[in-house]
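Okay, handing you the structure first.
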Amino acid sequence: MNKVIESVEQAVDGIKSNMTLMLGGFGLCGIPENSIAQLVKSGISGLTCISNNAGVDDFGLGLLLHNKQIKKMISSYVGENDEFERQMLSGELEVDLIPQGSLAERCRAGGAGIPAFYTPAGYGTEVAVGKEVREFNGKPHILESALHADFAIVKAWKGDTEGNLVYKATARNFNPMMAMAGKITIAEVEHLVPAGELDPNEIHTPGIFVQRIFQGQHFEKRIEQRTTRSR
Amino acid sequence: MGLDKNGIAQRIAQELRGGWYVNLGIGIPTLVANYIPEGIEVEFQSENGVLGMGPFPFEGEEDADLINAGKQTITTMKGASFFDSATSFSMIRGQHVQLTVLGAMEVSENGDIANWKIPGKMVKGMGGAMDLVASADNIIVAMMHSNRAGVSKLLKECSLPLTGVACVKKVVTDLAVLEIKDGAFHLLERAPGVSVEEIQSKTEGNLMVSGDVPEMNI
Amino acid sequence: MGLDKNGIAQRIAQELRGGWYVNLGIGIPTLVANYIPEGIEVEFQSENGVLGMGPFPFEGEEDADLINAGKQTITTMKGASFFDSATSFSMIRGQHVQLTVLGAMEVSENGDIANWKIPGKMVKGMGGAMDLVASADNIIVAMMHSNRAGVSKLLKECSLPLTGVACVKKVVTDLAVLEIKDGAFHLLERAPGVSVEEIQSKTEGNLMVSGDVPEMNI
Amino acid sequence: MNKVIESVEQAVDGIKSNMTLMLGGFGLCGIPENSIAQLVKSGISGLTCISNNAGVDDFGLGLLLHNKQIKKMISSYVGENDEFERQMLSGELEVDLIPQGSLAERCRAGGAGIPAFYTPAGYGTEVAVGKEVREFNGKPHILESALHADFAIVKAWKGDTEGNLVYKATARNFNPMMAMAGKITIAEVEHLVPAGELDPNEIHTPGIFVQRIFQGQHFEKRIEQRTTRSR
């Protein structure tokens, strides 16, 4: 089943104002750069974005924030972005902060048809407010629900025409779970290859979870904290 | 007097046991990796999806696709593996990680910890901290005994929004090693040259001292 | 008269749409793969962990590590992928599979299905059937209209232990194509040469017939 | 961290009568042949075995059944085994049948620190008896709990000295989730390689989930249904 689309314009076709999006990546690592740039161009607004982080001021989701296209962020950590801080403190931006493991599991649950699950994370904190608490094996847990998105946008290293994806190193992060949880999942890849070229044993995201795939262009792959040692 | 950050890290490193998988938080905890005792083999997990983290890369060998949870470029050791965030937190929540070391703004005498939010100021988010503290059997907090204003961070009750409840078992500060049990900080060791009286005066929470308290071997 | 098993499979194959991922159960459903309409591209999922199943291997090329849910040796098509059982049922439970075809011992007029257990006789287990029927939006049951004793399998209520509740949308039998809605079997098509009266007489559950019922185009 | 042990005797060391085991495999595909054979030799009994199937009469878990070493089976499908049928009908063997997807997810939950989750599978059937029912999005779901095991025994294609595992084709099946859910997880592999030889990107089960790994011998890899087509 050929899922290949020819352009980033086609990739984001159908994404409208006030929709909920999931965007893969951890920090700036493994983010769908091409699609984000296109969303900035599109001018749509009122977006709810589910993403572990919110980019930096001039890259990643920071670009959409700067343009005031985001109404609400659902994230676990947003500490690298001044514009984010400003919009949040001024009340322009709604923010839902979720423990990172719960965020990952809630995306997976959304894709896996699990409407809710119990986790110990956040018990006794403000994250637990309004949530059911139940003890299992003498330990309190809270009930967390599945997350879904109108569109999930992920970035992979390699992908084939059937939508099968392989990620590289820690650029995998949230991408596989989000790919599962989008009503429509868009994958931008560094290397688009013919079906049959990827070893079926080594595929991280089976093509069934992907509706559109395209060859990304000019990946900047910016490094947030360049740490090195001397030789 | 007391230890500096490296001293705290060095003392925590003495807690490592061979064969452990370890998650180190940002800040002082990261420094622990520099003091692994000889003959001890441990493996470092980073919650963004890597097991078997190595040192920073040589200049020019940075890979944007290979970072740790602090977004720093890293390398991997032989036998490393990559995985997605759900699997990463399966390791953490499922207690496959034997030791978690993280920083804190406050710790209470019953083991509560606050380290993610100061109301009215910037809220950066809890990241993976809530999952880590709620799940780990073995949590060591690495922090200074008092904040910059000289106020104790070892309290009867945390004043800041909590990250987790009754979860911290051990605290290593610039002044002392303390075990938390039965609603109190039990003084296990003093930093070199630091008196029990000084520790007592800088600990707001219930401090238990029994017998002679040895100095850290550091 | 009526169709044989291959005829049933052939009729069900007409329901396939291009781009669908399809899970075929054991028995008649397996035969559907032999009748994919020309120009239609579908991909077969097997719940033991493969997407993109191909035909049986040539003799001598069987691989013990490559089987379908019926434990039969298979091959894969270009673009296939392998995954674990949890991921496989994430596809199923998460409604990423567009069509599920499975056999049944009984179906009721409200869409209940029984296909896994006969009390007092051997219980083989439900395998993946309960997950499939509880999750799929689009379930077609492939079965004979009556059992070997001549008793209708399209009932007011199932007498056997249920596999799922109110989940079957369509039934294709040797005699008819029926849609289940509003608590009734709606007769959509007759097998070639089979009369509405015969179908009526062999359907215990509520059968709705409206207007002329066309013959299957097969 | 070297997890290599030298023999199958050492592999099953500590497995005692009346313990709960998880055993990977689907049918006879991907089952830990060496470890099962050793358990048969060991003579321990009263085992609770969590495994999707129960082997056939003269292979796989069927060998343990034949020897009456199993007290209880927790499976989704057990239809290939006459001795199983006999023991179940006579009441010698306890059997807990679980929908296959719930079985997989309950093993994963056990390994992932999720004590319980909701699933639609089995609602309205005897599987739901005694279980909490709750509606999500207008659809009834039942609460299923995590499964754990004293020992999980899995079989992989390749494994390294650190316990990292790679499975082949559909021999993966239940092995990865069970590897997560054992207090002690034993892996027998067809090819034991030095650490560093497996691509970190292609590892299916990270070594953190595996406590013991050994080179299996004489894998029979029996085929249950040999189906072929003519050339």
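Per-chain residue numbering starts at 1, and chain names A, B, C and D are given in the order in which the chains are listed.
FYI, contacts are C-beta pairs under 8 Å (C-beta built on N, C-alpha and C of every residue); 3 or more make two chains touch, one makes a residue touch a chain.
Every value quoted in this text rests on a predicted model; they were computed, and no experiment measured them.
Asker: Go through the assembly and pull out the chains touching subunit B as well as subunit D.
Answerer: Expected: A.
Asker: Give the chains in contact with both subunit C and subunit D, ordered by label.
Answerer: Common contact partners of subunit C and subunit D, which must touch each of the two, are A.
Asker: What's the farthest chain from subunit B if centres are computed as the mean of the Cα atoms?
Answerer: Centre of mass proxy via C-alpha means gives C as farthest from subunit B.
Asker: Name the chain pair with more contacting C-beta pairs, choosing from A-C and A-B.
Answerer: Between the two chain pairs, A-B has more contacting C-beta pairs.
Asker: Using the average of all C-alpha atoms in each chain as its centre, how far is it in Å between subunit B and subunit C?
Answerer: 55
Asker: Per the centroid of Cα atoms for each chain, what is the distance between subunit A and subunit D, given in Å?
Answerer: 33
Asker: Centroid from C-alpha atoms only, then distance subunit A to subunit C, rounded to Å. What do you get?
Answerer: Roughly 36 Å, centre to centre.
Asker: In angstrom, rounded to a whole number, how far apart do the mean CA points of subunit A and subunit B lie?
Answerer: Roughly 28 Å separates the two chain centres.
Asker: What are the residues of subunit A that contact at least two other chains?
Answerer: Each of 105, 108, 112-114, 119-120, 167-169, 200-201 in subunit A touches at least two other chains.
Asker: Quick check: what residues of subunit B touch more than one other chain, meaning two or more?
Answerer: Only 50, 82-83, 86, 89, 92-93, 135 qualify.
Asker: Looking only at which chains touch which, which shape fits best: line, ring, star, complete or other?
Answerer: other
Asker: Which two-chain combinations qualify as touching?
Answerer: So the chains that touch one another pair up as A-B, A-C, A-D, B-D, C-D.
Asker: Which of the residues in subunit A end up touching subunit B in this complex?
Answerer: Against subunit B, subunit A makes touches at 26-30, 52, 75-80, 85, 88-89, 95, 97, 99-105, 107-108, 119-127, 157, 167-177, 204, 221-231.
Asker: So in the complex, the part of subunit B that touches subunit D is made up of which residues?
Answerer: Those in contact with subunit D are residues 18-19, 21, 41-43, 45, 50-52, 76, 78-83, 86-87, 89-97, 135.
Asker: Where on subunit D does subunit A make contact in their complex?
Answerer: 105, 109, 112-120, 136-137, 141, 145, 166-169, 200-202
Asker: Any idea which subunit C residues touch subunit D in the complex?
Answerer: 46-50, 55-74, 82-86, 88-89, 92-93, 112, 122-131, 134-135, 161-166
Asker: Across the complex, what residues on subunit D touch subunit B?
Answerer: 1, 108, 110-114, 160-162, 164, 180, 194-196, 200-201, 203, 206-209
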